[in-house]
C-alpha cells in the first residue's frame, strides 16, 4: 500500500492510503448490496407468481398446475437465485442478509407450498439447500438458506395455505382442507416453541399472531362445513345426492 | 431574478393543479352521492321488491353518472397525460360505481360485466380517459361481497333457484380472477375476500338443496320479479 | 469525604438490587419457556386428542413451574417489602401461567380456577409471596380468549354439548367480572375484550342449537325447539 | 403594568373554566358508572330472562340518570353559549346513555326512541341544554350493534319470531339514516357499521325461515307478531 | 310516520351545519394562505432588511386578514352560542395569526401585544366573536419560538443591543405565563417549550456581553463587566 | 357460591387500592404544584437577584412540601410492604423536589445535598417511607441540567468566579456518579446527559479564563473563592 | 377478441378472454414497475456519489472537483436515467411516479448542488429537463421531471448546502458560506409559500421542518464566526494576521 | 416424523445460537465496563492531569480489553462465517473501544490510529475475526467528538499550543473521510457531526491566536505532561 503513493509526491501519507482502501471497500460493498437487493426483488416477484400458479389448482387439474408451478420455480432458481449465489460468499451471507432475506423468504414460501400440494409433506430446509447446491461450483460457495429465513418463509406459508384451504372447501376437497388444517396447526405449534428463540423475535411474533388468525380461519371453515353437514334433514330425498361437496359424512 | 421567476411560475402551476384537483373532487363527490342514490335503490332488492322494478329505477340514474364521468373526462383533457396524477381522487368512487354496474348487469343478464362494457356504460373512451383495470377488478370484488347477502335474502323470500345461479356465476368469476398474478396490494386482499363470498353462497346453496326446496312447490309470494327473465 | 462515602454505599446497594433483578429475570424467563411447553401440549386439544391424555401430559409439567415459583419466592424473601418493586419482571409470565392453569382446571372440573387454588397449584403463600389479584384476573381474561377456538374445534369433532357448557361458564365469569369496578387500565381493556369471546361462543351455541344437533350418546335435553318442524 | 394585569385576569378565567370542567367531569363519570349499572341489568336479556322483569329493573334506574343530567344542565347554565366548549367531556357517555334508552324503548314498544323522547326521558330542555343530534344518532348506531347478539340469543332460547321483528325495525332505521347526508366523520363510520348488523340479522332470519321454525309448541310469550305468516 | 319525519328534520339540520362548516373552512383556509404571505414578508427580517420596510409591507396585508375575520364573525352570527362547536376549524390558523401580529407588534413597540389589542387589530368584538384566550396564549408561545433565530441574525448583522432587549421582553412574558395555572394540555406543552427559547437568547446575550460588543453608534450602557480586562 | 364470593372480595380489594391510589395522586399533585411555586422563586436567580433573597423566599416554602410528604407517608402506612406498588405515582414529582432542594443546598453551601439530608429536609424516615435512591440520583441529574444556564447568566451579570466553582462541584458529582454501575435505564440516560452540562460549564469557564475576566471592579458579593488565583 | 377463442373449443368464453388480457396487462405493468424501481435505485446511488464528490471541494481544488462531479453526473444521465426514459411513456410518468421518484429527487439534488457550486445560481427545472431531452428520440418521449419531484429534491438540497456551508466556513471561505446562507434562506422562503400546495403536502411539511433546521444551523455558524471575529482585542499584534479565515471585517 | 424431527433440530440450533449469543453478550458487556474504566481514566485529561500519567494508567488496561476480544474471537470460531450474524451484539461497544484507542494513540503520537493498527492493538486477526471497517470509522468519528472538549480544557489549563495541533490533525482526518462515499446511514450522520467538531476547534484556535497566547510567556502551571512528547 505504501509503495504506490509514496512514489512521486513528497507526501507519503499513510492515512490517505489507508482511506483509499476504506473507500474502495465501501464502494464495493455498497454496489454488491445493490445487486443483491435487485436479485432479491426478482426472486420475490417470480416466487409470488409461482404461488399464484399453485392457487389455480382445482380438483381436476392438479398435476398440470403443479407441473407448471414447479417448472416456474426451477426457473426462479436458475435465473435469479443463481445471481444471489454468485454475489454471496463467506461472511456475506450474514452481512447482506437484510438485502436478500425478503426474496429468500418468498422463495421458501413458494417452494414449500408447491411441495405440500404435491406430497402433503413439509419440504425440509435441508432439501431446499440441497436443491440449490448445483448452483455453486468450484469457485462459488453454495447458497445456504439459514434457519431464520426458512422459518420466516414458513410463517408466511401458513397464510397461503389458509387461502388454499378455503378454496379447496369450495371445490369440495374436504379431506384436503382437513389435511391442510392439521398441517398448519402442526406448524403453528412447532413455531410457537421456536419463535422466541429467533434472532429477531419481534418480527416472528407478529407473524405468529397472523398465523393464529389463519389457523382459526381454516378451523372456522371446517366447523361451518361440519355443522351444516351434520344437520338432520328428515325430508331429504331428491335426485342428486352428491353432497360430498360439503363433506357430509352420510347423515348420521 | 430567475429563481423568483421560477418559483412564481411554480406557484401558478401548483395553484392551477390545485384548482383542477378541487374541480375533480367536486365531480368525484357528486359521483359519490349519485352512487349512494343508486345503491339505495338497489338495496330494495334485499327487501324482495321485484327485480325489474328495482333495476328500472336504478338504471334510470346511470345517465347522471355517465354525465359526471364525461365532465371528469373533460377536466382531464386539460392536462393530458396526468390521468394518474389525480387518479387517487376518483378511484374509490369509481370502484363502487363498477360494483353497482356489475351487480345490475348480473341481475339483467346473469353474466359478468366486462371492462370494456363498463367503460361503455360510463361513456369512457379508453384512449382518452379510460377505466383503470385495477379499479375495474376491485369493483368486481366489491360486487362479489354483496352476493351472499343477496342470496340469503332471496332464499328467505322463497326464491330457491337463486343460489344455484349465483354460485355458478361466482365460481366462473373466481376462476377468471385466479388467472391474474397480483402483488400484495389492495386488490389481492379484496380477491382473498371473494373466497369467503363463494363459500357463503355454497352454503346457502347446500341449505336449499339438502332440503329439496324448489321454486315450483311450496314457494308462493315473491315470484313477480321473475317474469322479466328467461 | 461524605460525598464519596455516600456514593460508595449507593454503589453497593445498586449492585445488590441489580444482581437481584438479574436473578429474578433468569427465573422469569425459565417460567416463560416452561409455560410455552405446557401451552404447546394443550394446543393438542384442538386436534381432538382425548382430553385426559392431553391433560395428563400438561399436568406433568406443573411441578417444574411450581419449583420455579418457589425459587422466585426465595429470592424475594431476601428483600422483604419490595415485591412490587420487581413485580414488573414476572407479571406477564405469571398472567400466562394463570391462563393455562385455569384452562386446564376448566377441562378437568368445568369450574373456574379460584385465586387461592391458583396460588396453591403454584405453591405460593399469600403472606410471603402471593399471586397479585390483577395478574390473576388478567390471566382469566387470557383464558377466555382461547375458549371460542376450543368450542369451534370441539363441535367440529362432534362434541355438540360443549358450547352450552362453555357458554354457561363464560357467562358466570363475565358476570363475576362485572361486579368489579375497574380502572381504565390494561385489565379493563382485557375484560372489555371478553365480550367478544362470549358473543362468539353464543354464536357457536346458536349454530348447534338451531340445527338441533345433539350428542348421539349421552345427550338428552335440547330438543325443545325442534317440534315446530316437519 | 398592563401585561401583568392581563395575565392576572387570564389566570382567573383559566382557573374558573378549569374548575368548571372539573365539575363537569365528575358528573360525567357518575353518568358513566350509572350507565354501567343499567347496562349490566340489560345484559340479562341475553340469558333469556323475561323481558318485563329485565326492563322493570333497568327502568328503575333512569331516575338517577335524569338527575345527573339536570345537574349537568345546571352547571352549563353558568356559562351560556359554551355548551360546545365542554361538549367533549360528556359526549361519549351520552351516546351510551342514548343507546341503552333506545334499546329499552325498543323492547317495550318495538319502535325507535325519537330524539325528543330521549330528551324527555333525560329531562333535557332543547333550548337550554339539549341532546346533540349527532350524539343521538351515534347512540342509535350503538344500539344497532347490540341487536345481532340479542337476536341470536333469542332464537337460541326458542323465540323464533324475534328475527323478523328486529329485521323490520333495523331496516326502517337504516333507511331513515340513509336519508341523511353524513360527513366523513365518526357518525358516518358508525352508520357504515350498521349494515353489518343488518346483514347478521338477515342471516339469522334466513336460518329460522329456511328451517321453518315457528313458535307453535312450548313457547308462550312471543306470539303477537305471527299472524301475518301462514 | 314520526320516525321519517324526525329524520327528515335531522337531514335539514345536518345539511345546514354541514354547509356552515364548509363556509367556515373556506374562510379559515383563506386566512391560512394570507398568513403565509405575511410570514413570508416577515422572514425578510432575517436577511437584514430594514425593519421599517419589512413591517410596512407586512402591515399592509393585515387589512385582508381583518376582513376575513369579519367574514368569519358574520358566519358565526348565524348560529349564536355555537362558537365552540366550530372553534376547531379556525383555531390553529388563528394561533399563527396571533404569533405574527405579536412579532410585528414587538418589532414596532418592543412590548407584548395584549389580547385586547390583538382582537382590535383583527376587528373582533369580544362579546360576539372574540379571540379565545388559549389561542392567544398559544400564539404568543409560537412567537417566542421565533425570537432566538431573530436575535442570532440581528447580532450577525451588527445589532448588538438586540439580545438584551429581547431577553428582557421574553423574561417578562415568561414570568407572566408562570402566573397561570395551566392544565396538562397543548398550551402547557408549548409554554414548557418557551424556556428553551429563553435559554438560547440568554446564551446569545452572554456571547455578546462576554466579548464586550456594543453598538458603535447609539449604544451606551453595557460596559459594566468590561473594566476587569485591559 | 365460591366464584361469586371470590369476586365480591376482589371488588373490595380493588376498590380499596383504587381509592388509596386516588389519595396518593391528590397529594402528589399538590406536591407538584408546590414544587412549581418553589421553582418559580428560584428562577429569579437567573435574573441576577441576590442569592440570599431568592433562597430565603424559596426556603420558606419547604415546610409545605414537608407536610405533604408526611401526609404521603401516613397514607403508605396503611399498606405496609406496598411502597413500590404505588411508587410510580409520586416518583417524577419527588425527583423534581430533590433537584430543587439540591440546587438550593448548593447555593447555600456549595456542596452536594446528600441523600440523608434530603430525607431529613422532607421529614422522611428511611425505614418507614424513605427516599428511593434512584429518585434521589435522578433528581441530582436534573439539578445538573440547570447549572449551565445558571453559570451563563451569572457570568453575564459579571460574576466571573462562578464557572470555576460550579465546574469543581460538577466534576466531583460526575466523578461520584461514575463509581456506580448503572443499568441501561432512565437514570443511566440522565447521567449520560450530565456530561453535556459539564462540557458547557467547561466552555463558559474557558470563555472567562481566556479573556482574563476577574471580579476586580464593581462586583462585590462573589469574591470569596478568588484568593486561589493570582 | 371473440374471433380468437371461439375457433376450436366449444366454449367461446368472453370472460376468460377478457381476463387473459387483464392478466397480461397486470404482468406487464408489474414487470415494468420493477425495472423502473431498479433504474431508480441506480440513479439514487450514483447521484449520492456525485454529491459526495462535490463535498470534496476546497478552496483550491474547486475546478477539478466540480469537473469530475459534472462528468459523473453526466454518466448518471447516460447510464441510468436513460433507462427510465426508455420505460416511461405517456401516462406512466404519473402512474409509476412512486417507483422512480426517489431516484429523480436524488438526481435533482445532485444536479442543483453541482450547479450552485459552479454558478452560484439555482439550476431551473426547465434547464434540467432540457438537458434530459437528448435521451429521447423519435419513438421515445422525453422524460419530464415534474414540479413535485423537483421541489422535493430541492428541499433535500438545502441539507447538503448546510453541510457545504459548515465546511466552507472551516476552510475560511466566509463569503461562500454567506452566499449559501442567503440562497438557502431564499429557497426556504419560496418553498414555504408553495409547500401546502403540493400534491402530497404532508411529505413536504416534514421536509420544511428539516429545512428550517438547516437554515438555522448555517445562521448559527455565521453568527459564531461574526461574534468571535468582532471581538475587540487590544493587545493583538503578532506576526501573521491572516484572520480572514474567520472573516473578521478588520476589527471595527 | 420428519416434520417434527426437523423442528426438533431447529430448536437445538436456535438454542445453540441463543446460548452462543448469551456468551457473546456477556463478553460484550465486559468489554463495555472495561471501556468505561478506561474512559474514566482518560477523562482525567480534562482536569489537566499530566498526559503521560493518564496514558500510562489507561494503557495498562488495554491488556484486559485485548483478552476479551480474544475470548470473543474464540467464541466466533465456533460458528465460522457467522461474524455478521452476531455483529450487532458487539458493534457499539467496539466503536467506543476504537474511539478510546484512537484518542490515546493521538495523545501519544499525534497521528491517526489506522484500521490495521487498531486490529493489532486488540489482537484481532483480519481473516478470522477482524474489525469491521464501518465500526472503525464510526469509532474515529466518536473520537473527533471528544476533541473540542479536550482543546477547550487544555487551553483553560494554559496549554496554548494544543489547538493548533488538534486542528491540523482533525483537518487531515476530515479530508480523509471526504474520500468516502457513504450511504444515508449512521456513519454519515456521525461524519456530519465531525464538521462541527472541526469548527469548534478552529474557533478555539482563533481565540488563542488572536490574543497572541503562546506557551513560552505567561503560561506556567500545566506543562508537566509535555516532556513525554518532544
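All chains are identified by letter, namely A, B, C, D, E, F, G and H, in their written order; residue positions are counted from 1 within each chain.
We take it that a residue touches a chain if its C-beta (ideal position, glycine included) is under 8 Å from a C-beta of that chain, and two chains touch if they have at least 3 such contacts.
This structure is a prediction, so every number in the text was calculated from the model and none was measured.
A turn of 95° superposes the CA atoms of subunit F on those of subunit H, with the angle given to the nearest 5.
At the interface between subunit B and subunit D, under half of the residue numbers appear on both sides, which makes the contact a different-residue one. Inter-chain spacing, taken between the CA centroids of subunit D and subunit F, is 51 Å. Distance between chain centres (mean CA atoms), subunit B to subunit E: 50 Å.
For the pair subunit A and subunit H, the distance between mean C-alpha positions equals 42 Å. Each chain gets one centre point, the mean of its Cα atoms, and the points for subunit B and subunit H are 64 Å apart.
The residues of subunit D that reach two or more other chains are 181, listed in rising order. Shown for subunit A are the residues in touch with two or more other chains, namely 30, 193, 228, 231.
Across the whole structure, chains are in contact as follows: A-B, A-C, A-G, A-H, B-D, B-G, C-D, C-F, D-E, E-F, E-G, F-H, G-H.
Residues 30-31, 34, 37-38, 41-42, 45 of subunit G are the ones that touch subunit A when the two sit in their complex.
Partner subunit B is touched in their complex by these residues of subunit A: 48-49, 52, 55-56, 58, 163, 166-167, 169-170, 221, 224, 228, 231, 233, 235-238, 243, 245-246. Residue ranges of subunit E in contact with subunit D, taken from their complex: 2-4, 6-8, 10-11, 13-15, 18, 21, 80-85, 87, 111-112, 114-116, 133-134, 137, 172-173, 176-177, 179-183. Across the interface of their complex, subunit G is touched by residues 32-33, 36-37, 39-40, 43-44, 46-47, 149, 152-153, 155-156, 158, 204, 207-208, 211-213, 216, 229-230 of subunit E.
By the touch criterion given at the top, residues 182, 185, 188-189, 192-193, 196, 216, 219-220, 222-223, 226-228, 230-232, 234, 252 of subunit A touch subunit C in their complex.
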